[in-house]
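Each structure below is given as C-alpha cells.
Common to both upcoming complexes is chain A, partnered first by chain B, then by chain C.
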Partner chain A sequence: MVLQLALGIITAIGGFLDAGAIATSALAGALFGFQLIWAVLLGTFCVILLTEMSGRLAAVSHHTVADAVRERLGFRYFAIPLVTELLQDVLVLSAEIGGLSVALHLATGFDYRIFVPLVALFLWALLWFGSFSLIENGVAFVGLIALSFVVGSFITPPPWNEVARGAIPSLPLKDSGQYWLIAVSVVGSVLEPFLLNFYASGAVEEKWTVKTLGMNRAIAGLGMSFGAIISIGIVILAALTLGQRGIRVDSFEQVVLTLVAPFGEWGLSLFVASLAIACLGAASDVSLNMSYAVSQGFGWNWSENLKPHEDARFACVYTAAIPAAALVVLFFDPLNVTMIAMALNAVIAPLIVFPLLILMNDTAYLREHTNGPIGNVLVAVVIVLACLFGLVAIPLEVLGG
Partner chain B sequence: MSEGAALAIYCNVLRLMGLVVVAALLVACRPASTQVEQATDRAASWAVTVKAVTEQWAQSRVSMRFTRTTLNAAIQNLYRDAESIRSIDPGAASRITRLKNAINPVMDAVALNEPDRARDAAAPLPLIMKPEPVEANARPASAKGSGEAGSGPAEGGSDNNASSAR
Partner chain C sequence: MVEPLPLVRDVLDKQIYDVNHDKVGKVDGIVLIPRQGRPLRVAALQSDMPTAWRRVWQRLGDWVERLQQKLAPDLASPTRIAFEHVVRSGIDVDVDIDAKRTNAYGWETWLRRRFVEKMPGGKGSGEKGE
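Moving on, here comes the complex of A and B:
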C-alpha cells in the first residue's frame, strides 16, 4: 500500500512537469519575478480537485471519464469534447516532442529538427513495446531529476518574503496584457485537460476500487503539490537568474541559465536531463490518453498492458498521432507551439470539465460518493475561471504574439 | 440533475466557447507599434543573454558547444526580428541588425577559444539596445542608417567595440 502510494505520488510529480510547465514558469519568473507564483498555486488547486474527482469516478464506477461521458450524454455530445481534446492533445504532444528534441539539440549542438523523427520513433517504440507501469513509474522515477530546480532555488536563496507575497494574486505593475497571457499559460500548463481522462484510465488499468479512495486523495493532493513545488522552483530561479539581468524567455537556450547559476558546469546537463525526461513522460501520457479517449469512446479494447495485436485499434491511434504531432513541430518553433498549447489548455478546459461535473453528481456512477455542494461549487468556479482565462487568452495570444 | 437540464447547460457552455472564438477574431489585429516594441525587447534580451553566456563560458561554467549554440540562436532570432519590422520601423530594424553583426566577433573569439576577447566583445552588446536619448530620437534616422543613429552617447561604446573587433 505504502509502495503503491509512493509510486503514485512520484508518477503524479512526473505527470505534472512537462515542456509547458518549464517554459511557462521560466517565462513567468523572467518577466514578472515572483509575482505569478499565485498562478501556479491556482492551477495546482484546480488540478488536484479535478484529478481527485476523475480518480474517484474510476475507483467507484470502474469507468474512465471518456467512456462515462459517452455512456451518460450520448455520442453526439461526447464527440465535441473528444474532437477538441484530440486536436489539443496533438498540439501538446507536438510541444513535448519539440521539447525533447530541443533537449537533444542543447546536448549535441545539432538542429533540433534532426531529432524530431528520432524522438517520434523512440516514443512510438516505448508505447508499442512497454507496459503501463514501465512507462509511468520508470519515466517518473528518472523525472525526479527535475527536483534540481528546487535544490537550485535553495542554493541561490531568494528573498522568501517576496516569494510568499507572490502567492497572493496581485495586479500587474507593467505589461498587463503579457501578465494575463502568461498567467493563463501557467494555469494551462498545470491544468492540462488530458490529465483527467489519463488519470482515470490509469486508475482503471491499476484496478482501483472504493478501498483506494483514500490513496486517490493522497496521490492527487501530494503528487500534484510536489509537482507545483518544482514549478515554483523554476519561477524562483528564472526570477533570480534571468529576470534580474533583463533576459526574457524566447528560446530554451535562455532557460538553461537558470540551472547554470546554482550548479555551474553541471547546470546544462541537469537542464537537458530534466527537460528530456519531463517531455518524454508527458509525451507518453498524452499519446496514451489519445488512444484511451478514442478507444473508450468507441467501445474498443483498450489497455497499455495488452499486446498491440490484442488492442490493435488502441495502438493505431497513437501510431497515427505521433507522426502528426512530429510534423507540427517540424514547421513551427517548439517554444511557440508550447506557449500556444498551454494557453489553449485553459481555453478548452470547460469542454472537458463540465461533462465531468455532470458525472460526479450521478449516483448511478458514484453511488454515495458523489460530489458534495462544496465540490460542485469549486468545480463550477474552475469552469468559470477557465472560461474567463479563455476569453483573455485567445485575443492576447494574437495581440501578444 | 436531469439529463435534459445537464445537456442544456452543456449546450450553453458550448455557445460560450463559440463566443470566445468570435471575440478573439474580432480583436485579432496586432498594432505595428506593438510589433516593433516586442522585437526591440527581444533584441535587448538576446544582447544580455549573449553577454551572460559568454561570461559563463569564460569561467568554464558552460561548454563551448552550448555557447556557440546560444550565439547562433541569438543571431537567427535577431535576423528574423529585424526583417519582420524593417518595413514598419527601419531605424529599429537597423539597430537590431547592428546588434546581430556585433555578435559575430564574439562568435569568432569563442571559435578561436579566446575567452577574454569573447568577454570583451560581448560586454557592450546590451548598450546597443539601450533606449536612445531624446535628442537622438529627434534627428532624422536616415543619413547613414544605423551607423549614424548609433553615434549617441549610449551607443558609442558598442560602436567603438564593433569597429575594434572588426
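Moving on, here comes the complex of A and C:
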C-alpha cells in the first residue's frame, strides 16, 4: 500500500510537469519575477480538486470521466468535449514532441526537426510495447530529476519574502495584456483537461476500489503539490537568472540558463534531462488519453496493459495521433505551439469540468461517495474561473502577442 | 406489475456488456417499431458510429457511413441486439448473448488484420509482459 502510494505520488509529480509547465513558468518568472506564483497555486488547487473527484468517480463506479459523461449527458453533448479535446490533445502532444526534440537539439546541436520523427517513433514504440505501469512509473521515476529546479532555487536563494508576496494575486505593474495571458497560460498548463480522464483511466487500469479512496486523496493532493513546488522553483530561477538579465524567453534554449546559474556546467545536462523526461511523460499521457477518450466514448475494449492485438482500435488511435502531432511541430515553433496549447487548455476546461459537477452528485455512480456541499461550491467556483479564463484566453492571445 | 424502463435515462448511451462481460459497444440508438393503434415496440439496441453521429448532425452520420462503406463495404451494417436479450440496465446494459457471435467486433478484427498484425509485436495476444 505504501509502495503504491509512493508510486502514485511520483507519477502525479511526473504528470504535473511538462513542456507547458516549464515554458509558462519560465516565461512568468522572466517577465514578471515572482508576481505570478499565485497562478501556479491557483491552478494547483483546481487540479487537486478535480483529479481527486475523477479518481473517486473511477474508484467507486469503475467508469472513467469520458464513459460517464457520454452515459449521463448523452452523445450529443459528449461529441463536443470529445472533438475539442482531441484537437487540443494533438496540439499538446505536438508541444511535448517539440519539447523533447528541443532537448535532443540542446544535447547534440543538430536542428530539432531532425529529431521530431525519431521522437514520434520512440513514443509510439513505448506505447505499443510498454504496459501502463512501466510507462507511468518508469518515466515518472526518471522525471524526479526535475527536482533540480527546486534544489537550484535553494542554491541561489531568492528573497523569500518577495516569493511569499507573489503567492497573493496582484494587479500587473506593466504589460497587463501579457501579464494576464501568461497567468491564464500558467493556470492552463497546470489544469490540463486531459489529466482528468487520464487520471480516471489510470485508476481503472490500476483497479482502484472504494478501499483506495484515501490513497486517491493523498496522490491527488501530495503529488500535484510536489509538482507545483517544481513549477514554483522554475518561476524563482527564471526570475533570478533570466528576469534580472532582461532576457525575454522566446525559445527553450534561453531557459537552460535557469539551471546553468546554480549548477554551472552540469546545468545544461540537468535541463536537457528534465525537459526530455517531462515531455516524454506528458507525451505518453496525452497520447494514451486520446485512445482512452475515443475507446471509452464508443464503448470499445481498452487497456494499455493489453497487447495491441487485443484492443486494435485503442492502439490505432494513438498510432494515428502521434504522426499528426509530429507534423504540427515540424512546421511551427515548439515554444509558440506550447504557449498556444496552454492558453487553449483554459478555453476547453469548462466543457470538461462542468459535467463533473453533475456526475459527482449522481448516486448511481458515486453511491454514498457523492460530493458534499463544500465540494460542490468549490467545483462551481472552478467552473466560473475556468469560464472566465476561457473567455479571455483568445482575446489575450491576440493582445498579448 | 412490471416496472417501467426509462429508455433514454437507463439504456441509451450506456455501455453494453455481453454474457462474458466483454465490452460490446455503447447503445448508440434504439430501434422502435410502430404498431397500429398500440404504443411503439422496442425492437433492438443499435451500436454503430454513423447512428451516434447522426444524433449530432444527420449529414455527419451519413459521411461516417460513406467512409465506412469505402473502407470495408461488408462491415458497414450496424450491430443490432434484440431487446429480449437485455437482462439488466442501469449505468451499464447487460445482454445475454456472446458478442463474438455478432458483428460487434467487425471493425476491431478489420483493423487487427489490416494493420496491427503487420506491425512488430502485433500478433501476440493477452496482456503485455506475459
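We take it that the second predicted complex is superposed on the first by the 401 of 401 C-alpha atoms of A that agree within 3 Å, B and C clash if a C-alpha of one lies under 4 Å from a C-alpha of the other, contacts with A are read in each partner's own complex, and residues count from 1 in each chain.
One rule holds for everything that comes next: contacts are C-beta pairs under 8 Å (C-beta built on N, C-alpha and C of every residue); 3 or more make two chains touch, one makes a residue touch a chain.
In this text, all values refer to a predicted model and were calculated from it rather than measured experimentally.
Annotation for the three-chain superposition on chain A: chain B and chain C fit side by side.
Once chain A of one complex is fitted onto chain A of the other, the partner contacts of A:310 are limited to chain C, with no touch recorded for chain B. Within the superposed three-chain model, A:109 lies in touch with chain B and out of touch with chain C [touch as defined at top]. In the superposed pair of complexes, A:301 makes contact with chain C only, with no contact to chain B. Look at A:253: by the touch rule set out above, it reaches chain B but stays clear of chain C. In the superposition on chain A, A:268 contacts chain B only, with no contact to chain C.
Residue contacts after overlaying the shared chain place A:67 against chain C, while chain B stays out of touching range.
Rounded to the nearest 10, the angle made at the CA centre of chain A by the CA centres of chain B and chain C in the overlaid structures is 130 degrees. Judged by the touch definition given at the top, the superposed model places A:128 against chain C, while chain B stays out of reach. Think of it this way: put the two complexes on top of each other by chain A, and the tightest Cα contact between chain B and chain C is 8 Å.
No residue of chain A lies in contact with both chain B in one complex and chain C in the other. The residues of chain A lying in touch with chain B in their complex are 72-73, 77, 80, 105-106, 108-109, 245-248, 250-251, 253-254, 256-257, 260, 264-265, 267-268, 347-348, 350-351, 354-355, 358, 361-362, 383, 387, 390-391, 394-395, 398-401.
Contacts from chain A toward chain C in the complex involve residues 61, 63, 67-68, 70-71, 74-76, 78-79, 128-131, 134, 297-302, 304-313, 315-316, 319, 364-365. Of all residues in chain C, those touching chain A in their complex are 8, 12-16, 22-26, 28, 47, 49, 52-53, 55-56, 90-91, 107-109, 111-112, 115-117, 119, 121-129. Against chain A, in their complex, chain B makes its touches with residues 1, 3, 6-7, 9-10, 13-14, 16-17, 20-21, 23-24, 27-30, 34-35, 38, 41-42, 44-46, 48-49, 52-53, 56, 60-63, 65-66, 68-70, 73, 77, 126.
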